[in-house]
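Both of the next two complexes hold chain A, though its partner changes from chain B to chain C.
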Partner chain A sequence: MIMGFAKYWEAGKISVNTRLNYGMDLLAHALLKGIYIFIFINLWGVVYSQGSNLIAGFTLNMMIWYLVMTEAVVTSPRKIVEVIGEKVQSGEITNSLTKPYNFILFEYANSMGQAIINFTTAFIAGSIIAGIFIGGFHIQWTTLPLVAIVIILGLTLHFLIMALLAIFSFWIEDAKALNFIYDKVVFVLGGMLAPLEIFPHWLEQITKYLPFSYIAYYPAKLWVQFSMNSFWNVIVGELVWIIVLIITLVIVYHICIRNISINGG
Partner chain B sequence: MKEVMKEVIKVQDLIKEFKSKQKEPGLRGSFKSLFAPKYKILKAVDDVSFAVKKGEIVGFIGPNGAGKSTTIKMMTGILFPTSGKIEVLGYNPQEQRKKLAYYIGTVFGQKPQLWYHLPAIDTFNLFSKIYELDKKEYEERLEYLVKIFQVRGFLKQPVRKLSLGQRMRCELIASLLHKPKVLFLDEPTIGMDLIVKKRIRELIQKMNREEDVTIILTSHDMEDVEQICDRLIIINEGKIVYDGSTKNIREKYLKYKIIRVILAEKASSLKMSSLKIGFKGMKVISKGKFSHEIEVDTTKYSIQDVVQKIIASNTIEDITILDPPIEEIISRIFKKEI
Partner chain C sequence: MTFRQHLVMLKEYLKMSLATAMEYRFNFMLEIGSMILNDMMWVSFWWIFFNKFPVVNEWVFNDIIIMYAIVNLSWGLNGVIFGNRNQLAKIIAEGRLDFYLNLPKNELFHVIIGKSSWFSMGDIIFGLIMAFISLELVHWPLFLLLTFFSMILFLSFNIIAGSLSFFIGNAEESSHQLNMTMIAFSSYPLPIFNDVAKLILLTIIPAGFIASIPIQLLKSFDWTWFLLLILASIVFLVLAIVIFRIGVRRYESGSMITLRG
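Take a look at the complex of A and B:
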């Protein structure tokens, strides 16, 4: 069993290695995130200057640090849908399917390896800009490991949804459109652009139960407004969705793999 | 692992059909296809049966779209047959893909498996974990393969900086680390120069000799097949048109070569002292102002003699000796009604 796990651990390590090989690319990625946070600071600064110090229960300081987290989480994994779609279109997927590993688990390990590096650089860059322009906020350092668990589960959920969409490229070969739609759904309904509390009450209630909110909104909210009660609620919500998605993914994968059409001769 | 049978691969009545969308040309055709798509059933593999014994090196050749890669993909478990039966080392490749994967190796010439941005050694280390190899055994095996494939000098360079020949040697090592019983090689020498091709062929033969690896090789290069393979299966339009020894096909069908000459000066025909074109055994295939192609029956003339006479009698820019295209061989096989 240990030998079985070791292959996925190694895949994660090699993914980290690959990502670290391109320092300039990482720097550019970090710079871009910093710019986004700077834009958000100015945007929300204007919004908050119009009236109350509190919007949807968030101060300006909390809002910015919330966005530092959502920006880092949502954009950290690689675009699985495009990666797998391209592998199917070019025929490169043959190399994955002739190896003794679970294709989805392997891609998960790969994705998480890269996500950890991307998340770290984006979070550091965003934090620097937020720290300079808006100041820090009171962090309960003891809660950080718990927030980290929620973030990892959130990234796992993010991967599972993308993997489900990617599996359809076994069938339709080009799932880029699905990727595009999913990105926008997470931006809005996942709380990446703003906390879900800004929505009308009825929409807020619906989105809080959807899986997208557990990717960015809940981890970021826990980061700026931690409570043990919230922590356990988020964990349960994430685990429920993870189980549902794993079961769906396994079923869909077995159906789609029979219909795969591999290009490239 | 299940008991290894004498026949390591058995393929019976194999059929693979694909549904292909048919679209009329132009914008109108695109809209029509969106709302009322039409499909055509394509039979990529049409009732194919054969068996491969342990240690054989089998060349699997055919023109583009013949069905050879589709057959290979079904043997490795990637594609599901429409009907028919396949058994590789006693396993059903579709139902037991992961179990079978421990005992087969694959190299797809146009689809690299090495991590592009990292040194090959990183991929080898990853593969040792994927195949669950014992650390000590892996290190000894790697040392052995590095030595015979002569890759030590560039093992730690990123793969993207290696030449095609270097990359292929590393690809072969990656496919052999786990001592596979069957090796599937799809166009392993594509894009390489003659010297590198020769080296790759030698290494493939060495692995077959020393480790009794059964090898299935697909290639467009007839010389790959002639040099390496004992047996040849020719597939065309999804059907097997020839299944026999490589020596036999050489004797029966590869009795001629094509010589392509580019002259330095314009000429209406090639000059050849003491040889006349048009005689039985030598004929013009094409001629232009500078470029001429002739077909030479190698049972009547030595290629070396003919080339020497052409060089002696003409001022040439370039001369190339070619095998007849595979389509030509297939056409002649059909004419012989095998």
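Take a look at the complex of A and C:
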């Protein structure tokens, strides 16, 4: 069992090393994230200067550090829908089927390796900008390992949804279009651009139960406002969605593979 | 080749590209539909935002709609007509510029019209819908003129960013990030930024001239800002052409044989 997973661990390590080799690319990714945080600081700075010091339970400081986290988490994976989608559409996926590994798990290891490096650089860039223009905030160091678990589960959920959409591109034949729409759904309904508390009440209630909020909103909210009770609720929510998506992905993946065999025959 | 002949060439390229796209009609429609949905998601964020905070530094939701009309229409038109404008860095780095340099046409014009992005048709449709929603008919001539200048600014900035490949090697990622930065700053109201940031957004990264200044002109016309907008468009266009030409002189062909599809 452990040996079985060792190859995925190695794939993840290779992915980390590969990403680290593209220094300029990594720097450009981090710079852009820093620029977005700068824009958010200006936008929210104006909003807070017009009214109260507390909006939807967030101070300006909390709001910006919340956005540093959502930006880093949501934009850290590769364009998985396009990467896997192209392999599915071109039939390249059949090469992987002859190899002694599970295609989805291999892609997961690959994606997580890159996501961790992208997350770290984007988070550092965002933190530097936030630190300079807004200042730091009180971090509960002891809760950080728990927040890290929520982030890793959130990234796993992110990957599963993107992998599912990529497999669907076998029928729709346009992974880029799906990727476009999914990105924006997470940006808005996942709470990447603003916490769900600023939404109209009916929309807030819906989005809080959708899987997208477990990718951005909940991990970032725990990061700026940790409570043990919320932590357990988020973990349960993430695990439920992960299980639902794994089952769906396995079913859809097998239907797709069967169709690829027929086309190949 | 004369200016008119270049326009004929553009027409032929567009016809060929549309004919190719029509062979994959479902994907063509899907690309357009997905781009419209994509744009709708951005506007829905702003709807949520302005629902909570109705006025932000004198900007109201209708201003955001006008902003999306200008940004989407100008970006979309560039995408359909000059579809290669954000692929320049890659084309230069891969040595694919050889094809364009060997022909008796303006190489910059030829390379940027070499492809059409039909995703951008979604932006054009969405931009027009936003304009119909937010503008009165009397504002349309000025709106279209301002959109034309936004097109020039976007295009010039894309060319400058893409030309980086002439000077620093493969600048594909840097060019992409610069273009994204330009779109990001163009899609937020200029009045939210402090004075230093405003100065940068009206000079080095001319994002303020893309949408915020045109919106200000549509709301209350001012000759000074109108002339400054024209000046900025001309300066950036000349700068883009000069940088590209200097770059071409430094360009070293890899003698790479490529197929153009």
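Just so it is clear, the second predicted complex is superposed on the first by the 251 of 265 C-alpha atoms of A that agree within 3 Å, B and C clash if a C-alpha of one lies under 4 Å from a C-alpha of the other, contacts with A are read in each partner's own complex, and residues count from 1 in each chain.
As a working rule, contacts are C-beta pairs under 8 Å (C-beta built on N, C-alpha and C of every residue); 3 or more make two chains touch, one makes a residue touch a chain.
Please read all numbers here as calculations on a predicted model, not as lab measurements.
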- Task: Kindly classify A:239 by the partners it touches after superposition: chain B alone (first), chain C alone (second), both, or neither?
- Result: neither
- Task: Have a look at where A:97 lands relative to chain B and chain C in the superposition and call it first, second, both or neither.
- Result: first
- Message: One more residue to check, A:210. First (chain B), second (chain C), both or neither?
- Response: neither
- Message: Between chain B and chain C, whom does A:105 touch in the aligned arrangement: first, second, both, or neither?
- Response: neither
- Please indicate which partner A:193 is in contact with in the superposed arrangement: first for chain B, second for chain C, both, or neither. second
- Could you tell me if A:17 is touching chain B, chain C, both of them or neither one (first, second, both, neither)? first
- Footprint overlap on chain A, comparing chain B with chain C: 22
- Item | chain B contact footprint on chain A (complex, rising order) | 3-4, 6-7, 9-11, 14, 17-18, 21-22, 90-95, 97-102, 257-258, 260-262, 264-265
- Item | Interface residues, chain B side, partner chain A - complex | 18, 64-65, 69, 73, 76-80, 97-99, 101-102, 104, 106, 108, 110-113, 115, 117-118, 122-123, 125-126, 129-132, 158, 184
- Touching residues (chain side chain A, partner chain C) in the complex: 22, 24-25, 28-29, 31-32, 35-36, 38-39, 42-43, 45-47, 50-51, 172-174, 176-178, 180-181, 183-185, 187-188, 193-194, 198-200, 203
- Message: Using the touch definition from the top, list the residues of chain C that touch chain A in their complex.
- Response: 26-27, 30-31, 33-35, 37-38, 41-42, 44-45, 48-49, 51-53, 55-57, 119, 173-174, 176-177, 180-181, 184-185, 188, 191-194, 197
